[in-house]
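Since the structure comes first, as structure tokens, the remarks are kept for the end.
Letters A, B, C, D and E mark the chains in the order given here, with residues in each chain numbered from 1 onward.
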């Protein structure tokens, strides 16, 4: 497949990566409905691990089956499908070569009570390679007292991945004793999480859509002094993208809890307007009946395509 | 031995595994009374470590001897025999080639008091290979604050095992500060534990028969909304099997404390009716006199065979 | 030296070990006064590390010298001599080939205060090999909150030792927050410690002579139900030996604090009568004047020989 | 480029280093306006990670872009540019060979609350080599209860770096429960931090300009007894340089928070007068408009050049 | 240089060491004024790290320079010079081959507050080898809750050092929650520390001159029962030497804080009279003016020579 100018431009920001890593990054951008646009819609399904199966899959029972998600990601024209080890292991052989895979290397369940949240590393770069993945995924919790542990585990994984030709998609979810509940989606915190992710060497950064709230007093002063607008989601997305190396790292946004189609599309429009590179949409996709999910994902992709 | 269609079907769910691992999985399914059915009855004897020798073996003194369990597993037509390092070391040479072995790689005694339960890793994949085992076994305690440690130790063991051609049998026993005593066998928790196990890459998952109780408020809402039946044990087993990748991972059920033959068989019937893949039965087998144990195991196997 | 039938029988219980490990096990059984009987009297001298030099050696000042213990073990016809790294390093070259050595790989001093007792690993399998040892020694503290650390360190050492042809002698000393002071020598706890040791893969297990006391309520019920006698030390030794895989692992007993010759011999007679495989006798040997020690050890050996 | 006598003299203090490390040290000293003088002005940009993007870059929005800093360091005639992994990865290929790079291997964000401050290791020597860096950077927090962790991580990195031909620049920032807030810049503490850094094997040591305050009572006595002057910053800089092996290690000083040009230059003059080897100036450089930054850095370099 | 009978005798106690290690031990004994006597005077300079530069070096400002200590050790006829990594790195090349070096592999500063004292490992055996050292040095704190960590780090270093031909000098400084302030220099504790050091495999053991005080009640009983004299320092030194394998390990004594020449020499006479193998003298040497230091060290060496 020919590489578009936009894809070439994006690849130019990853000049220090080896050809293998750039090739896989290109694969992500040359797949699906948005191929060639430099935009992304990714299907992530780690909720079975993170929230438990009944909360994740009972709203749409076919989704208990790992094959369901592979097929949905393929048929909906997503750029990639992301999941933990087990989900990929069941179906990867059957769907080999049909869609780029992202192996999520760490995960956290909600059965234990811990003071400082920390995901367990549950997969390896070797797993990603043997399963034919195009990238690894990893979650950090800036704000947790255990964040250094997560950053340091990531350092080893990301170095091994890069030398193996695999780019890294980083889920940056601020949480823990260092920040308030509201602070988890504060604009300063989301932008800071994007910056940390980029500094840690991530190729693609996933954050939550930020709210119009500022957590840190010193950050508040800086926002006011510089007159940075934070009213609209588009404004805030723009600030987050700028905070990821002036837009030279790919920043995509999660959809969060399942909600109505109108709400989803309204949010995505703001993300696209703010220069967001795409959406990573799990529950809003697979918890809907398959036809509705295909329709929704098509609409989302159209928004990003039009925004190009 | 010819491989039946059912065994072929089950193996098809493990498409990402190498031939060695599939071969050992097939060995487990092609052994004993239930050979070819895709059903399992396994004899596990780790109670000497977990509860101490007097509580485990004094009800049936010949069981102090490791040879006893090998012979019982062979004579009763079990699919496999599972035990910690020492038990296998004594007898493995003598019974070499007579029954597939599962080396349980972590164990916990009941002499110490700790806040967050965690099994010690007491064996290795190298041990399993030198002892001629067909699989490794491992225990996780979802709900414990030490669960990440257990998941991460498992990640390394399971990767090494898979590359060495050994499937993994995972004991998933939720416990610890994160859940109540009743919650340890709650239907939502058992199903969640099965899901975690599958996501971690287990080939065979062992959980406890779930009770008609829901631990987590968010799960309760999901059960109610989806109208998932939980009244009978068969209902609950069905939900657990579905939670293990829509039945594409082998889920078997433990027997728990020793009890009357009627109770055991009644429970097994429900497990079989709910689509459970089998039973792993320790104390209810080896604490009975040998003849009674042989009879009981035969009855259990018959139930699973008939349910096929 | 020809191998006796009894030694052959004992070796048959270690069928999973490689030839090197069996050879060293045979060396231990073919040395000294008890050669060929399958019985053991071992001289252990780690008290300098564990209790300090003045408490250990001032009762018999020549014992400050490492050579003293080598010579005593040789002249008294012991099966082996066990000590920490430093003690072996000074004299091993001088006495090379004269007696099998056991390098004790972990040790604990009594200068620090810690909540959860844990020995430090102070030697390695590589050390044992370069010093020409016939076995490694290691201490576990079942009952300590740090026990898992000790079990896991042991797992690595025991695997490396086995692949290097070295059997393992395990000191099993229950202690720590999980059990009472009396519980440290309770019959249920001692037997449990022997079981754990055997499951961890030990070839020779050293426990303390158990008292007629039961620590754990669930164990008490089991003892009563099964009508297991615990009145005499011989009874209790028999239960411990049975708890070590029905006597298929070598269980020997420590002598504890220095005491009168009568008391020592009375205790040893009970151990021998109960089927104990031998004694490991430190302070009662080297804190006596050399001649008395030689006499005492000869008497102890005679008891075991006669009991054969 | 010819090596000046001064550079030769400085290199003579690093006699134990291999040729590769000395070559890179020479590269640092042979670059930019101060080439050949043995003085240093370095541009460090890790504030995006340490303080967050809005506080760091919003005062001068072009600085959100990693290219900006490379170009500023080159155009201003700095000796080197220092940054975390991500910042270097974006632009290193584009600017390859134009300026020596220092990869900062550990970093700390301000989103979490922890008792004992500790930076996470976020890069590796392998990263430094693949990015063509001339040195590694690392931060220690003497005074923190986690300092040993940081020293020990450094030990491994510095040994690997030295054997790979990379010198080490050490940021020594005393902080933590061991010292008061004022103590972080106390003259005794800054000098002690310089000594520790030199003993740990650093080639270049970065400390904060010390204040006229003494934290430790025992140090106070020593200052008084020896009559060491501490009134002027030049006095204190001189003491710090002496404390780094009598000036045989390169000690440079940070600029701290952004401030007026007059204040910056006054401080630099004192540093130069006290024998400081240079300045490492981040926020005072890149938070100014580019032209002002170029002017300021030129003035700073002139002060060091004149002081030669 | 010919090896004297005394040196041969001492080397005979290290029979388990390889030729390389014995060669370096011989180098230490064949250097300086005391060459061939089997006695030692060593110059250690780690106070810059341990107490800070101003307290260490301001009493004699030339001592800020690392070269100063090399030259002092050489000119005063010491057996060896011991220092942390940085101090050796600056000067080792310049003074290569002029005096045996001991690289102190762990160090502790006094800026942080920690409950359980523990030195950080700040150098490696590889460093010692590349710097041409004749031995490694290491500090343990028996009595600290972190002692096991220190013993275990030492185990790895000492094994690597021995296989690389480097003997180990062990600084044994009891301290921590396990013992009182007076107990740090109690005769039972010092002797115990010497025993532990020898058991850990040290070749040369450095302890503090013990006081006439007994810390542990059980030890007190043993001292009394055996009638061991502890009144004079010579008595106590003799007990410590005996506690180090009946004198078969080299035990040397530190000088402690700087004091008057009379006091130093009186203490050394007692050490020599008690059979101590020598002194390791830091602050009392380098904090004096050079000429006085040379005189003092000559007097100390004469005492040990005469005691031979």
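Here is the rule we use: contacts are C-beta pairs under 8 Å (C-beta built on N, C-alpha and C of every residue); 3 or more make two chains touch, one makes a residue touch a chain.
Note that this is a predicted model, so its numbers are computed, not measured.
The fewest steps needed to get from chain D to chain E, moving only between touching chains, is 1. Using the contact threshold fixed earlier, the set of chains in contact with both chain B and chain E is C.
In this entry, chain A maps onto chain E through a rotation of 145 degrees when their C-alpha atoms are superposed, rounded to the nearest 5. Chain B and chain C have Cα centroids separated by 36 Å.
Separating the centre of chain C from that of chain D, both taken as means of CA atoms, is a distance of 57 Å.
Residue numbers of chain B whose C-beta contacts span two or more other chains: none are found. Following neighbour contacts from chain D out to chain E and onward until the ring closes gives D, E, C, B, A. Chain C makes touch with chain E in their complex at residues 48-49, 51-55, 57-59, 61, 64-66, 84-94, 107-114, 118-124, 126-127, 130-131. Taken in their complex, chain A has these residues touching chain D: 13-17, 142-145, 147-148, 151-152, 155, 159, 174, 176-179, 188-189, 191-196, 198-202, 216, 218-219, 222-223, 225-226, 228, 239, 242-243, 245-246, 248-249.
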